[in-house]
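What follows is a set of structures to go through.
Common to both upcoming complexes is chain A, partnered first by chain B, then by chain C.
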Partner chain A sequence: MRFVDEFRDADKAHALAAKIASLCEPGRQYKLMEVCGGHTHTIYKHGLEDYLPEQITLVHGPGCPVCVIPMGRVDDAMALASDPDVIMTSFGDMMRVPGSNGSFFDAKARGTDIRMVYSPLDSLKIARQNPDKRVIFMAIGFETTAPSTAMTVLRAAAEGLTNFSIFCNHVTIIPAIKAILDSPDLRLDGFIGPGHVSTVIGCRPYEFIARDYGKPVVVAGFEPLDILQSIYMLMLQLSQDRAEIENQYSRVVPWDGNVVALRAIGQTMELRPYFEWRGLGFISHSALKVRSDYAKFDAELLYSVPGVRVADPKACQCGEVLKGVLKPWECKVFGTACTPETPIGTCMVSPEGACAAYYNYGRLTRTRVKEASTS
Partner chain B sequence: MCLGIPGEVIEILPDQPDLARVDVSGVRRVINIGLLENETIAPGEWVLIHVGFALSKIDEAEAAAALEFLEGIGQAYEDELAALAESRIE
Partner chain C sequence: MTTPDTPTTAGVPAVAPAGWVAEALREHEAASRFEHHGSPQPLPGTVREEMVLERIDRARRARPRVKEERIVMSHGAGGKATQTLIEAVFLEAFRNPLLEPLEDAARLHVNGAKVALTTDSYVVSPLFFPGGDIGDLAVNGTVNDLSMAGAVPLYLSAGFILEEGFPVADLMRITASMQAAAERAGVQVVTGDTKVVQKGKADGCYINTAGVGVIEHDISLGVANARPGDTILVSGPIGDHGITIMLARGELDIEADIESDTAPLNGLVAGLLAATPGIRALRDATRGGVATILNEIATAAGVGVMVNEDDIPVRAEVRGAAELLGIDPMYVACEGRLVAVVDSARADAALAALRAHPLGQQAAIIGRVTAEPPGIVQLKTAFGGTRIVDLLVGDPLPRIC
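For the complex of A and B:
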């Protein structure tokens, strides 16, 4: 219990933990998925599983934007960036994601012009400053970052910029959750809903989970007590045979989301028929592409992209980890061949990835000790 | 990248009502507030920022709690702040 005193509200956490424990039916196992990688990070940073009864397992979901980008898309981006007339811009998180021929960082070291930016708007500035170059922004992320890309495209259009485009890899969270619900590998009892994605999409899109699958969802904030409170709310629903959508993070998340953000996405992007997710495979209507009205900002149309599907390295089991079927430490290469310094799979790259969270916060030891003592 | 970071609004840029100068843990940079066009934003108020865009308005208590949480997670927040410090949105 060495994590207990790491946050100031340990008393409140223990009180919540006791309430959670009192709601467990004897003999029943509960599997709750935290969809968002930010939540995974909090859970391992603060050792929240130590507060929960053994009957409750937290399963890590696919909500890590860097983790779900398939290798083929990294290779496509590299192909775009390899043109000497191109400046590729990318969020820092993306820089270490391995493609078939290394990461953006590796390519940069080989002389490719790839620049890290904080915001897509910084890419616009680079485009204005380099009129003789073509600037391509590697757009990634769920609905948290898609509005920023959308607003940037609108701004580029308003300015009449002709040397800026995006390589669009935005994904949407709802189809991924549905794919997990439809997967025979995993039986889940409820979901800790993502906080920041919900700021944009609101709570309504989750209603099908309660209505069609009979599972509760609680949208949660990122602090340790938020997550424990959300687990309590889920357990209360389960104990009362309810399945509803509740919003624990209402101080930030409006029920209807951010309508301006949704409008900007809708104006500039549309759903792709299908998109490949690392580990989850092809999922229908699960990603966004640039709408034809804004085709001149779509790098995939402007330039030739190989579009070759590349299988993940054989040793890598990120797919199973992303679906919540495997715990990070159950992967064969976890912590040995695959570490945050030399990642084989994406889950070890991003701080939001489940493997990196496990690795950084010493969960490996604890889990193995726990497993050993119960086997 | 997916981290929402709280910033205190210092000023709305004259002639550019969709841009605001904010203070994030002492780093002062310009961000876009166009996604909050349905709300009034004034100096002294707090917003939650994602990749250069304010995504929601928050109160001071929420900002303080979010900041404490972010400072607790260490490296990822430091990286985000370092990236923000390099940003030159206009």
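For the complex of A and C:
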């Protein structure tokens, strides 16, 4: 199939893998973080680690929008949804995220009106069709999905809809990367930069990573060859002692980002002073809320939100996994108490979560893979 | 702190998580109690990883238990939750040797004759879709379940649950399509039932069909028969039905030239069984798709399964739609495709027999049964890597970005 197969060519992968291996200094270990959950998903789905020398370890970063939502926010959303006059709408990924009292799916089974949508504009459609109900969109995601929420708010305002609002949980990627760079228990050699986020914010915001922290960043696409090529570009920088921001995904990512999308975000949303991230704690200026000009679309102002904080279960090590300190399988409850059917931590919910990706696709040591392919 | 607009504030004391977490953790403690390796030294990474994998294997072998208090949609999606529901509720209640294999149809001995019996309910939405409707689906599905047991389908029942207000013209369109499908498959609908429920209590029209057939060949088909070295075949491109339905619901605003593959497979199976011995198991890849069947083979026979992504036939339109939606065609339902496990010495004969039938022209060998690792399905990706293909958890959810 065009535009897919050429990015999954095994011959090209072998050639790249050989070049990557040749760049490894003997005896040196490399830790590269793929920031984005979409990359984690690709890496596991295509078995990309099989191509990497043992010296290179991929560390899975915090760029999974579902994974970083704290349990308290889910409970808040559930409180909003429990009003019989409310129709709560949400992306599919969000439906299985556990709150204190189960997930959206569980609430749906108990009779709460929660509907899955593919785009926030679908929520708007539901609002138009149900004028006697109040429709709330559970907005989640990084700068990738924020523009579509922003456009939806703008359209709702233009149409003068009075029964639509958003429960805004949008987060921004740069503060999370900075929190990881400042984390004392982590030593990284470079970053595979998030692709979709960068289509919106561009590459400039990463410049501080090279300048202040001396780490290379390569913004990467989502096909397996994209990621392999990005690893090669990172290894090349490391072998030449360079730390620069490079754009492997130039077919989609403009260096300066998408100005129209950024303007829409800026028009409708502003930074919160701080926001709680699952496992990472409170990070200042790391999330967005609805701007006061659009307050009538802000569910947090329109309705009473309990604002509960729920402590992460002690045994759940999502934070360490999100920071890349632990491999998913090193978490104490991985695969036994915490599985994709009954996730305790958010990393197990979304297919982009590192734990779910590893559980669904990985669950084999490299030695086992070798045994099986020769048996 | 002056941030009245941010209800989730650092100042709010955190409350402890709910009871279900504590319960999951207690179970976990019990399961991992036997794990002390006795060595004070940290073990090498690969050894520790192996131990975790074994712990997971043990957890997965534990007796199935429905943890939800109420039925949720994933109980019907054909993946892990469905399997748990069937084993923990239905098998527990009805357990008997005929039910226990959980095959597509039960094999019975009646006065010396070998008979297969099956039943299936149809709740598809929309009722009419490109390539078929709920009527031919209800006939073909039951015909196929009988065929997978190696039986020649003979007679079907049809039960209708109709919602008040349902157009009679639509009902007649459905019954005409059922009759056409029955004629095509060479079966008769010989008994039936009608119930009408109040508006809002059903989604237009639900159909249940049951069917009986006779088993003429002297073979016992079943996924538990799979042995290391066996070959795995699929009778044609996968995922057509599921993607067609998803697009026909019109929620996605994607248009593609795809039709449901709904078709009776009894002719295809008859040709296959007549052509060659060495057929170990047949399964139609409906809900849960080919991936679910492969997992059933691995689990029931205690074997490994290795399939090659490059060899699995998928139409470009299906693949394109699945890529856009972030869904793996391996998990998408088919309604006219079967997966066959065949003695490798007979694989070529089986492939030729499938391809000789109009419904099997694009049949392909997709993989093989291995001794190791038991219970696990692996995929050699087109990209050249290896990964696990697990049972589906819940409905396939579209990824958000």
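Assume the second predicted complex is superposed on the first by the 353 of 375 C-alpha atoms of A that agree within 3 Å, B and C clash if a C-alpha of one lies under 4 Å from a C-alpha of the other, contacts with A are read in each partner's own complex, and residues count from 1 in each chain.
In this text, a contact is a pair of C-beta atoms (placed from the backbone, for glycine too) under 8 Å apart; a residue touches a chain by one contact, two chains touch by 3 or more.
All values reported here derive from a predicted model rather than from experimental measurement.
With both complexes superposed, C is the one of chain B and chain C in contact with more chain A residues.
Using the contact criterion defined above for the overlaid structures, shared-chain residue A:Pro273 touches chain C, although it does not reach chain B.
When both complexes are overlaid on chain A, the residue A:Tyr118 reaches chain B and chain C alike. In the superposed model, A:Pro175 makes contact with neither chain B nor chain C.
In the superposed model, A:Pro62 makes contact with neither chain B nor chain C.
Contacts of A:Phe334 after superposition: chain C is touched, whereas chain B is not reached. By the touch criterion stated above, A:Ala264 is placed in contact with chain B alone, chain C being left untouched.
Judged by the touch definition given at the top, the superposed model places A:Pro147 against chain B, while chain C stays out of reach.
Touch criterion met: A:Gly307 reaches chain C, while chain B stays clear of it.
With the contact threshold set out at the top, residues 38, 41, 45, 65-66, 91-93, 116, 118, 122, 140-142, 144-145, 196, 351-352 of chain A are in contact with chain B in one structure and with chain C in the other.
On the chain C side of its complex with chain A, the touching residues are 3, 5-10, 12-18, 20-22, 24-25, 27-28, 31-32, 46, 48-50, 52-53, 55-56, 59, 67-68, 70-74, 80-81, 84, 251-252, 304, 306, 316, 319-320, 323, 326, 328, 370-373, 376, 378-388, 390, 393-394, 397-401.
Partner chain B is touched in their complex by these residues of chain A: 6-7, 36-38, 41-42, 45, 64-66, 91-94, 116-122, 125, 140-142, 144-145, 147-148, 151, 195-196, 199-200, 222-223, 251-254, 258-261, 264, 351-352. Residues of chain A touching chain C in their complex: 1, 4-5, 8-10, 13-14, 38, 41, 44-51, 65-66, 70-73, 76, 91-93, 95-96, 98, 100-102, 105-106, 108-110, 116, 118, 122, 140-142, 144-145, 196, 224-225, 272-276, 282, 289, 300-301, 305-313, 315-316, 329-330, 332-342, 344, 350-352, 359-369, 371-373, 375. Across the interface of their complex, chain A is touched by residues 1-4, 31-32, 34-38, 48, 50-53, 55-56, 58-59, 62, 65-66, 69, 72-73, 75-76, 79, 83-84, 86-90 of chain B.
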